[in-house]
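Below, subunit A partners subunit B and then partners subunit C, in two separate complexes.
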Partner chain A sequence: MSARTHHRRRQQGWTGWRVLRTATVVLGFAFVLGPVLPVVVQAFNDSSVFPDRMRGLTLHWFTDLLTYDEFVAGTWTSAKIGIGATALALALGVSTAFAVTRGPRWMSGAGVTSVLMGPIVIPQIVVGLAILQVINQLQLRVGLAGLIVAHGVFVAPFVIRLVAGALETQGTSYEATAMALGSSPARVLTSVTFPMLRPALIASSVFAFTLSFVNVPLSLFLAPSDQRPLPISIYQQMASNRSPVLAALSLLLAVLLLAAAAAVERFLRVRLLQ
Partner chain B sequence: MGVTPRRSRGARASTSHVIGGSGLSVLPAVIAFAVAVLVPAAVIFHQSLQPNPLGDPSAPHDTWGNYHRLLTDPIYRDVLLRTLRVSVVGGIASVVIGLALVIGLTAFRRREVSSVWLFLLVAPILSGPVITVLGWMGLFVEGGIGYRVVNALRPLWGGTPGRVAETEIAMTIGTVHFVVPFIVLTLYPIARTVSKDLLEASLTLGVPPVRTVFRVVLPLCRPGILAASIVGLAMAMSAFVNARFLGGERNLVLTTLVSQLVNTFNPTLAAASSVLLVGLGLLLVAVYGRVLSRSVRREAAR
Partner chain C sequence: MTAPSQRVALAGVSVDYGKGPVVTDLDLTVAPGEITALLGQSGCGKSTTLRAIAGLVTPTAGTIHFGEDDVTFTPPWRRELGLVFQNHALFPHLSVARNIEYGLRRRMARPERRQRVAEMLALVGLEELAESEPAQLSGGQSQRAALARALAPGPRILLLDEPFSALDANLRDRMRAEVESIIRKVGVTTVMVTHDQDEAMSMADRVAIMAEGRILEVAEPEDIFRRPALAYTARFVGASNLLAGQIEGTGGTARFRVGETALALAVPKTSVPAAHALAIKPEDVLLDPAAGTDVVLDAQLAGSKFHGAVRDLTWTVPALGGVAVRSRVPAGSAVPEVGGRGRIGWRSDRAALVHDPDRGAA
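And now, the complex of A and B:
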């Protein structure tokens, strides 16, 4: 084979790969992001039917949002649950991350890890129902506590992942130095370990809060009828009365949550997803 | 998703002086897991063995009656089969799409993928299921883009063109869309560690890029594909909002059946369906995991 044919064959191969790669990536992104399009269109569409063909531009679906008491109240309820769940998930996730990265070897094994990661793959609607049954059987009056516990346990695996990754990277040498210089373990934690973990802690807080804030299946059965989280109010509206207000609300929500996540990633130089 | 320790044996010797070295700090999570998952699981299993409160109170009590009904009544058997179809087809399709995306973004690239792309791919996780389900509803409405694409493709698997909204196809597509971002999250960290030198070697030996992807990149991603498949199957099976609104009330799967049974005041049958859902998930994951891990081992032995 002459050098020239060899060269040409390589060139042809690259064209094929580029075409295949571009097609895959374009189609893949279109699939993942495509469903946002109708929501954007309908949120500004001057038609009271969802979905409908374009009948003119309007902003009144957004201004209408404030007149829905359940959406305003739901936002506060979801924020309360989100803050509680984030605190719980951080407590559980950070302590577990210490154990799996620094504890006895068997704790970093596949067994413990897969149990702790279990909540990711257990159907959330089942867990919501099961926790509800426990609450009913014990005749507890828990308010939002049931929701906070459920959300906290279910977002903790994401915190474990992020914090364990950071602990691996930062190692123990700085702590060892501080201890050798006479700092107490508590002092080492507050002035060495946690400050170094800060980016991971902030990223996991944002991630945990967001996942809790948008959750439907865990909340569906656990939501007290007088304190419905926002996604549950939207869910119930979707089942009974589909209106462009829902498009406006979910668009606004998605923009705010994604902007928060993007800001954290950008300004704190945290790689939220690695 | 495992957390691999990178410490050497030498570091391990000083374990007692390391903060968290005792591993006792795993306890809060263990307790929380027991309180929020294990105890409720036991309670719901117990409840699934109770007689239906709406049933005939004079009938003799059959402990496994709820399960018997779910497995033999044609209505519930349909739900069960649909759950299997949607989660297996949806799970596999999600892994294929996620894998293609991750490889398309990383293969032959020496530079890191821009975080903007990754962020866009996992954005549906952060925005929640509601907005995307609303979007799919808009796409699947008669004359919408999704409607046209599905009907153009339907003859491929012998389907007849027609309604798309509130069908099993719509539900499967919605489920795949829900799962793909999680697959990307699982596969990306593995795909980016595929050695660029190996790819370079393959190219230098004259193997065209596309074949290099299939012969070098894919085999190196095998363990990640195993993990992603399990995540994909389990998530496809537990998808709820998609199934509820894209499949509608006539195309129930186990998750939507549970919610319907709770709403129609049939808690014991709802409990039995929940147990069945979790059991089916564990079974599928075990079977699938075994099949795939065997093929991974065979690959490694070669």
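And now, the complex of A and C:
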């Protein structure tokens, strides 16, 4: 084989690889975004049957949204739960992240870490059922608190991961330098450690809120009958009265969450989506 | 600015993180205004020693004094330190000026602070970059900013932990000279940790050689290089040949016996009792030695390796019991073929008698 054909073979191999790589990316997007497309189409379809073939374009499903009281109330409920759960998850997650990265050696072991990641691994239905049982057996009247705690515990591992990762990357040299310059540990925390953690704190807040806002399994078990989070309202509407309004609402939610994430990236200069 | 209160003294310091001692029974005194380098390979305990001086670890035994003050259990933020790490650790959320101002916040009023920051910026030549973010600085600039920040509060002690390792080779030489001249100008007592012998030799007044959590010897750079006391130092600092043997005779007639051969010794200024080895640097081993060279040996060339400006040769010397002797010659030198014979030698005043407690163990 001459050097020339050898060279060409190698180039062909290279092209084949590139085609394969592009195809993989395209397929990946198709699988992720494909199922969403029909919902987008139905949200603008001028037909009261859902789903239906295209019968014309309309925006009135979006304006109809406001006439559904349970959706408006559900949005508020979900926002309240989301804010509560995020606050709880930050408190739990940030302190745990410090323990894992700055605490004694036994706290940073693989065993401890896998226990901390538990809430992600254990099926939410099991967790939801378990919490419900405890609440019923103790005959507590908890209102939204039960849901806030459940959501908070569920999203805390994401906060731990992000914040512990940031602390690990930060290392201890910044803190040591600040101490040498005369700052007590408390002042090091407020003047160096937390300001440097800002991106991780913002990112984990956004993730925590989003995960809580869209959560179904935990809410299904724990939502009080008079205060239903938005996803549960949607689910119940879907079961009783299928309407294109649901498609409009889903699309609106997706766009709003994306826009919020983009705004955080843009204005707070934090990487969320990249 | 040099004052007795700037003296650093470690006495019997040991540090143990719980997995055996990292630093053992360490004594070290640094005179006010002096630059001392802790030189050793990674894992020798030099960084831990620095952390103990900084108060970032508490010794399990021993005391640390700054001047007359026992600071063994003083927390770092009350030790009046300057600290510069390898990554320079400039706070990324603060401008260069605010970084420098950081250590002044509780010490002086705002106008004084401004003035001090301006002085420090001028000292390190960063006036133009006062409002820059640390991420925008080059390696050398960030090094200077970190130094300015460390020196701004007028620390008693400056600690440098591998400060030049993050810089590329060209810049490193320049920054060493620059940092040294700033330290000399300010006159602050400095302890630096490095694994780079060039760095230690070129900047420090005294070099402490560390291995396995202990200081083996402390001396001026020339002495460490020319007249090491220990085989470890000779091997680590000069990559010296070590010939194991015994001293015979005394005074002007003293010789060093290696195998069958008695080698000439320069008259030792201080006798080295129980010396176990003779250390000769490869660059002091001459090829076809000229007249006046008092040690000359027949040798066979066993290996030859080109290194750019120099060539490293390995010789087998039958008269020394077949030990290998390495020599370093300018790359253009006439060298026999590998396997060929030649004559090598050295001036006896270039060879140092050293202790070798490990008996040649690497």
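Heads up, the rule we're going with is that the second predicted complex is superposed on the first by the 268 of 274 C-alpha atoms of A that agree within 3 Å, B and C clash if a C-alpha of one lies under 4 Å from a C-alpha of the other, contacts with A are read in each partner's own complex, and residues count from 1 in each chain.
Please note the rule applied: a residue touches a chain if its C-beta (ideal position, glycine included) is under 8 Å from a C-beta of that chain, and two chains touch if they have at least 3 such contacts.
These numbers were taken from a predicted model, which means no experiment stands behind them.
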| task | Could you tell me if A:Ser184 is touching subunit B, subunit C, both of them or neither one (first, second, both, neither)? | result | second
| request: Examine A:His60 and indicate which partner it touches, taking first as subunit B and second as subunit C; both and neither are also allowed. | output: neither
| message | Contact-wise, after the overlay, does A:Ala176 reach subunit B, subunit C, both or neither (first, second, both, neither)? | response | both
| query | Given the superposition on chain A, which partner contacts more residues in subunit A: subunit B or subunit C? | reply | B
| query | Between subunit B (first) and subunit C (second), which, if any, makes contact with A:Pro195: first, second, both or neither? | reply | second
| field | Doubly contacted subunit A residues - partners subunit C and subunit B | value | 105, 171, 176, 179
| request: Within their complex, state which residues of subunit A touch subunit B. | output: 6, 9-10, 12-14, 16-17, 20-21, 24-25, 28-29, 31-39, 41-42, 50-51, 88, 91-93, 95-96, 98-105, 107-108, 110, 112-127, 129-131, 133-134, 137, 149-150, 152-153, 156, 160-161, 164-165, 168, 171-172, 175-176, 179, 185, 188-189, 193, 207, 210-211, 213-217, 220-221, 231, 234-235, 238-239, 242, 246-247, 250-251, 253-254, 257-258, 261-262, 265, 271-274
| request: Note which residues of subunit C are touching subunit A in the complex, please. | output: 18, 54-56, 75-87, 89, 91-93, 102-103, 106-107, 149-150, 153, 155, 159
| task | Under the touch definition given earlier, write down the residues of subunit B that touch subunit A in their complex. | result | 1-7, 11-12, 14-15, 17-29, 32-33, 35-37, 39-41, 43-44, 47, 97, 100-101, 103-105, 107-108, 115, 118-139, 141, 144-145, 177, 180-181, 185, 188-189, 203, 206, 208-210, 213, 230-231, 234-235, 237-238, 240-241, 244-245, 254-255, 258-259, 262, 267, 270-271, 274, 277-278, 281, 285
| query | Once bound in the complex, which stretches of subunit A touch subunit C? | reply | 105, 171, 173-174, 176-184, 191-192, 195-196, 198
